[in-house]
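There are two complexes below, and they share chain A, which is joined by chain B in the first and by chain C in the second.
Up next is the complex of A and B:
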């Protein structure tokens, strides 16, 4: 059996097992998901109220509505909770149980991520559907399939980028006693710079160049902007190129940090 | 029961270690707020020598016990052998591989069971973990089903395979851990405290299972344990590690003979006897006599003569001749080293 087929089977099996395992705590899951969708809904209502009260924004109500409804989906599709789990596995020596088995350690992380997304889709899908239906009249979405196809590609790249940054931060636990503070700092910075709280279109002009080219834009905002509007054809191509470059760049760094970390691993308590 | 396999001497060892060394770096921190604040601005790093230039070879099919007090370096050695840790220096080859490379073909041929760490998914039935191993180790359906059936029967866990792992007892979980570790038929099995926390019945079951696996499959087993009964039941050879150095490598019998050359004889009589009369006999060491019981240490070659004398002491009810208790030997051995180090 070649390596690819074996790894694909292992990934499938692990993803199923992860889903089975995570679905045991269904009550906690639903509450967690409901809490997650609250942020975009509240932001949407605040910005719509601001526009209704005559706030002078560089975008209209249709853009804001489309942005936040799509945001709830993109956030779900691209988010990852690997950092904490990975750091714990390293710090407490739990990584050992995967290291002695003949499969890429990455498979465990990917399956965890996929199972998370599967269950999220299960819980969040209906919630987003309701949201879409409520605000459908105020949304402006592209008619043709072209933008949706680019959107799909960009969401996948964004998910890989978030996942890679997660691995990179989690892997620092090979050297640091606790990466929780770092993970929290990243979360706060990312929530602003990714466009999860405030659309990046509302950022001041003087910060435009920085905002447009920093990596967090490509984890959430850029895919949303593809559908919500405001990007020309050339903007799309440049954006996708930058997004791909970030995925490759962070991938290379994460791989190097990981390889160095494995050498420093002390398998504490295992 | 000793599990000893016939090993052709021409075969290269499956495990070959030369000057194996491992150091750890860590920082020290004083207890309390002062210590915590000091450590924020200045940390004192130290390097600890966990394994110090040990060399050994293990032949295919051997069952070897790795013994030593806590912190001696035995688990670190096991981690290096299984590929979890990089060596700091020295040469290490297992089945022709450098373990830390963690090549697929190497990991496919070994297994590690850690008594205090579960390899199974906690919230789902053990069968899910076994099926994962089926895919991970590339087992075909027939091979997998045969191995599962064989191991389940040997371990008597047929009824446990579809129960959530967290719902089974510790002893049952350890059986399932062993099953998961052996379902792919590894050539080498590394065991770290496999019977820790188990009751006597579960321990006996695990030991007899491991002996059976060694006998049936010729699996090489390297086991660390603080339970000397594990070692006596399983190991034809022991390696004693202390302060990271290999202090002894040989058979358990030889260790007993060299450290406690005398036999222990315990006799029980129907009436009160005076065992101290035996003190003057040749080859008799310490004698304890109390009421109807007499205990004495006797030179091996003089055991027959002394037993004859014991029968003349009074009406004999029970007689027991044994080597010194391995547990006692180990305790003395480690305590002696620790005392001599403190003195020096």
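Up next is the complex of A and C:
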């Protein structure tokens, strides 16, 4: 059987098993998602007040509202939380067990990621629906399914990009004892540069070029911008091209680092 | 009780009166603090890391404020300097919460699901006091100091010169904020008696409290009511800063104290109710 098909079957089995296991904690997912949506709502209210107060923002109320209503969904859909777990599995030798199995340890993380997001989407969907309804007068709804399709593709690419960066940092545990500080630093940098805290459109002019082309924009902000507006057809194409280039670039680097790490691994705990 | 067989002799009660009981608990808390300080001296790298992470997170929290005031010079009567003062006040109160309350309430799930509460109930101490205040993270006090520095800078930049009465009012309101937030978070954590796991509820608290970074008037009217009476983070930041600016009288202070007393009473009742439903997890 070809490797891709076999891996796909293993992934499907593991994802289904993970969903069944994780659904035991469905109450916890609902509460987690309620927590997740709090900060975007706070930011939304503050920035709307600023606009109503006459602040000369470079974006309008529609953009701000759509941005923050969609933000928690995109942040959830593109998130990854594996760095610490992957580093622990390498450091404590759990990787050894996976090396004799007919699937990669990383496939386990992919199934965990997909299954949790599946359940989180069920919890978060209705909350975003309510928020959308409350602010419906200020929401920007793209005409036609085209933009939504591009949005969906961009969210998937962003999720792959975040996951790949996670593998890259987690895999450093092959050579470093503790990658926690590095992971924390990356989280802090990413929270500002991805647009999770403040829309990147509100960043100062002097930072414009850097902010537009740095990789973290393509992990959260860019997919949201596709719906929230402000991107012309050519901006969209260039953006998708850059996003794809980052996915491929980081993918190649992560694959090389992972392969080098596997070769350097001395089977701790085996 | 006459049918109860006991081999222990008669003993004098541990506390002569209510005041003595409070004094004993205060002495106990001083021991917890001393022990926490000694423990911290063993983990100096932890202290430095907490300090650095606190500073970076504070910087991160202030970015939206700085960007916001890049587009306007004032918002609903608040200038940039006043909002920075508020950010300092918020940092002080949340730093105190992180030092004295968070290390305890974060353990609530394990207290209840792993049977650690059983051992606490056997000790001659108020179990609610013990579960809420036993552990102290001294390193978090560094964030209180940084908050104080930012508060002073904000006050200097805004040209405010609070008189002693206003300082007392601000202190009283910030204390009310601390007590009210502790009560709300405790109540959320005590739901563990019925829900078993309250980790996710803690994350709701930590996300909601972020609203305290902004003045109350920045929010729509219904949300202001929520942030004053239901999740009273306004007492931890907006009201104390308004008091320092001389914009508040004694009425809000009285209201805050009244609200704190009501909240503490409700939390006490919730704790007692929960304790009655507790069936032990270890035996």
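In the analysis below, the second predicted complex is superposed on the first by the 261 of 270 C-alpha atoms of A that agree within 3 Å, B and C clash if a C-alpha of one lies under 4 Å from a C-alpha of the other, contacts with A are read in each partner's own complex, and residues count from 1 in each chain.
FYI, a contact is a pair of C-beta atoms (placed from the backbone, for glycine too) under 8 Å apart; a residue touches a chain by one contact, two chains touch by 3 or more.
Just so it is clear, the model here is predicted, and its values are computed rather than measured.
Colleague: Give one word, clash or fit, describing how chain B and chain C relate on chain A after superposing.
Modeller: On the superposed model, which is not a single observed complex, chain B and chain C fit side by side.
Colleague: Which of the two partners, first being chain B and second being chain C, lies in contact with A:187: first, second, both, or neither?
Modeller: Neither partner.
Colleague: Quick one: is A:134 in contact with chain B, with chain C, with both, or with neither? Answer first, second, both or neither.
Modeller: Touch status of A:134: no partner.
Colleague: Contact-wise, after the overlay, does A:36 reach chain B, chain C, both or neither (first, second, both, neither)?
Modeller: A:36 sits against chain C, while chain B stays out of touch.
Colleague: Contact-wise, after the overlay, does A:13 reach chain B, chain C, both or neither (first, second, both, neither)?
Modeller: First partner only, chain B.
Colleague: Would you sort A:245 into first (chain B), second (chain C), both or neither based on which partner it touches?
Modeller: The answer is neither, since A:245 touches no partner chain.
Colleague: In the overlay, answer first, second, both or neither for which of chain B and chain C A:57 touches.
Modeller: second
Colleague: Centred on chain A, what angle do chain B and chain C make, from Cα centres, as a multiple of 10°?
Modeller: Once the two structures are overlaid, it is 90 degrees.
Colleague: Of the partners chain B and chain C, which touch A:260 in the superposed model: first, second, both, neither?
Modeller: Neither chain B nor chain C is touched by A:260.
Colleague: Quick check on the superposed model: minimum Cα to Cα separation from chain B to chain C, whole Å please.
Modeller: For chain B and chain C in the superposition, the minimum C-alpha gap reads 7 Å.
Colleague: For the complex, which residues does chain C have touching chain A?
Modeller: Answer in residue numbers: 49, 53, 56-57, 60, 63-64, 67-68, 70-72, 75-76, 195, 197, 199-201, 203-204, 206-208, 210-211, 214, 218-220, 223.
Colleague: Where on chain A is chain C touching in the complex?
Modeller: 25, 27-28, 31-32, 34-36, 38-39, 42-43, 45-47, 49-50, 53-57, 181, 184, 188, 191-192, 197-198, 202-204
Colleague: Name, in rising order, each residue of chain B that touches chain A in their complex.
Modeller: Against chain A, the touching part of chain B is residues 24, 79, 82-86, 102, 104-105, 107-108, 110-112, 114, 116-119, 121-124, 128-129, 131-133, 135-138.
Colleague: Which bits of chain A are touching chain B when the two form their complex?
Modeller: Listed in rising order, the residues of chain A that touch chain B are 1, 3, 6, 9-10, 12-14, 17, 20-21, 24, 93-94, 96-97, 99-103, 263, 265-267, 269-270.
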